[in-house]
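Here is the structure we will look at.
Chain nomenclature is as follows: A, B and C, assigned in order of appearance, with residue numbering initiated at 1 for each chain independently.
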């Protein structure tokens, strides 16, 4: 029993680190993009907006399959040996979180872009200061964006299974463990793991929100 | 330059761990057999076996792209093709059990009274009793298709013929919900029996109901970077007398019968490329 | 000093076009005209916040612009007041020391830690004014800073503007309060439909305007 719970915590911790790393990796690129797109006049960003919003609907299994084919030994990046590792899961889930974070950030920044730009420029600030102020002023929508990105990464199972392989002690995360227990017909275990997954998501989101509400 | 260094770190991590990847079927993994026998192997050799449990079709596809070092599967015809295509070498039969036709205890198609497996399938077809197929490319699905072919019947498109598209455990649960028949491996059936209440209506020796598990090493000539040495070590370990005996003992106490009967490398059904 | 020549700005359904404009250093200019006349647009162009489609604007000295929307940042009142100084690279400690007297003058000293978005409309207007004045700029562009303020605070805001004027700053004030425009302005511009209809010493514009439409407008009649 204790060993079982030890393994649950191991899997939960892995879920947290994989989804967290994916969110950070995605944020590294999508936050600047979202702020930049949101701060530009609407007309120019329309195509990007369509792409990002459509990207939020990217099917995880398809993303997983693409990464599988890329990282497979028979694929172009096979030499990296990344298939069936946590790193591969982080990459695939970062791609899934990217449009979420960029899209929500863009929408949040856009709501304040015009008035903040006028304020900063009106007080003699430069364009770089406009962007920095916008970034800070949009922290609530950005927190929402990060929470959505993290939520999509940690709750995702299609890509995690295909590129991770659900290898015990290596790439098993909460979602793939739920699939495994369901497959075995152990629905009580599956539910318990699902509850842990919800708990982890809840705690992380709470931390993000509290952090974003700080003055 | 920098990126190559970054990727190299990952490579060396994967190799330095002294690990190999085994692509296998859900029925082997989910029964707990691998968790039962692999720790001994790791202790002896220091090799960590990373198990990827998927359907037999997918396991062979993964191995066929060089993404696993060995496979443990149960679909002789697919195994033969895998060998013939030069993707696998050194096929070895590890264990067997039998497939079971499970269904509602009331048995409307009177499967229990059928003289053999093909006749049992024919009875289901003729009564139009609901039948749930895995509908994937698993070993079990493969066997089901073989049975229909042997009976000269094609159930596809019939209103009573449903495809679940999910694993064996989930399919059995679904069959119980719908009061339907399904073909299952013995192991998974025994595991979920108490939860589903399905009866094993056809569970008798029959050459067409043989469920044989085999091990193959992925052809090292086709892919660079495989851990073939470890794959051969695992092959030797699985065929060792004491390990084979242990396989035969696995969960025998709990179910009153062997879940996996050792084959000591001697196939019951021949697998020829 | 502000100088504009051949200024042109086009929006869908609106065009602002001006021949020539000049403001000598230290002058106090008031801008009047009906809603939609282009006052804010002109102010943004002069302050360099928007590029004209034609013509040139010359602006000498450090200018600050206070917008009509009373934008505040999602930070404390104190941080908002110090924001301009912070943009200029003044340390937070220094900036706080410099804005505190200003906040006291406009009666916001007891709300330093309050998030600025919770301020009332009038309080925001005072905050915007203080944020600009604390920078001690050469030129102040003010877009309706006393709109919807109570009489006491209008008097306070006018006193602050007068002080800035006495300190030698140049002011361009847009207002719908004709009495205020008259009271404060040394010079008044009347805008209508995107054109500068009349400009000159405030006394002249209000008492002896050349254009009949200006006369009607300053008399409180509707002009469109």
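We adopt the following convention: a residue touches a chain if its C-beta (ideal position, glycine included) is under 8 Å from a C-beta of that chain, and two chains touch if they have at least 3 such contacts.
Here the structure is a predicted model, which means the values were calculated and not measured.
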Outermost chain relative to chain A, judged by CA means, is C
Judged by C-alpha centres, the chain sitting nearest the middle of the protein is A
Dist(centroid_CA(chain A), centroid_CA(chain C)) in Å evaluates to 45
Note: chain B sits from chain A at a C-alpha centroid distance in Å of 35
Expressed in whole Å, how far the mean CA point of chain B lies from that of chain C is 79
The answer for chain B against chain A in the complex is residues 7, 10-11, 14-15, 21, 26, 30, 35, 50-53, 65-67, 166-170, 172-173, 188, 191-192, 195-196, 223-226
Given the complex, residues on chain A that touch chain C span 115-116, 118-125, 129, 133, 137, 139-140, 215
Within their complex, chain C touches chain A through residues 44, 47-49, 62-67, 69, 71, 73-76, 83-84, 87-88, 115, 131-132, 135, 137, 141
Per the touch rule, the chain A residues reaching chain B in their complex are 72-75, 78-85, 87, 165-168, 170, 180, 182-187
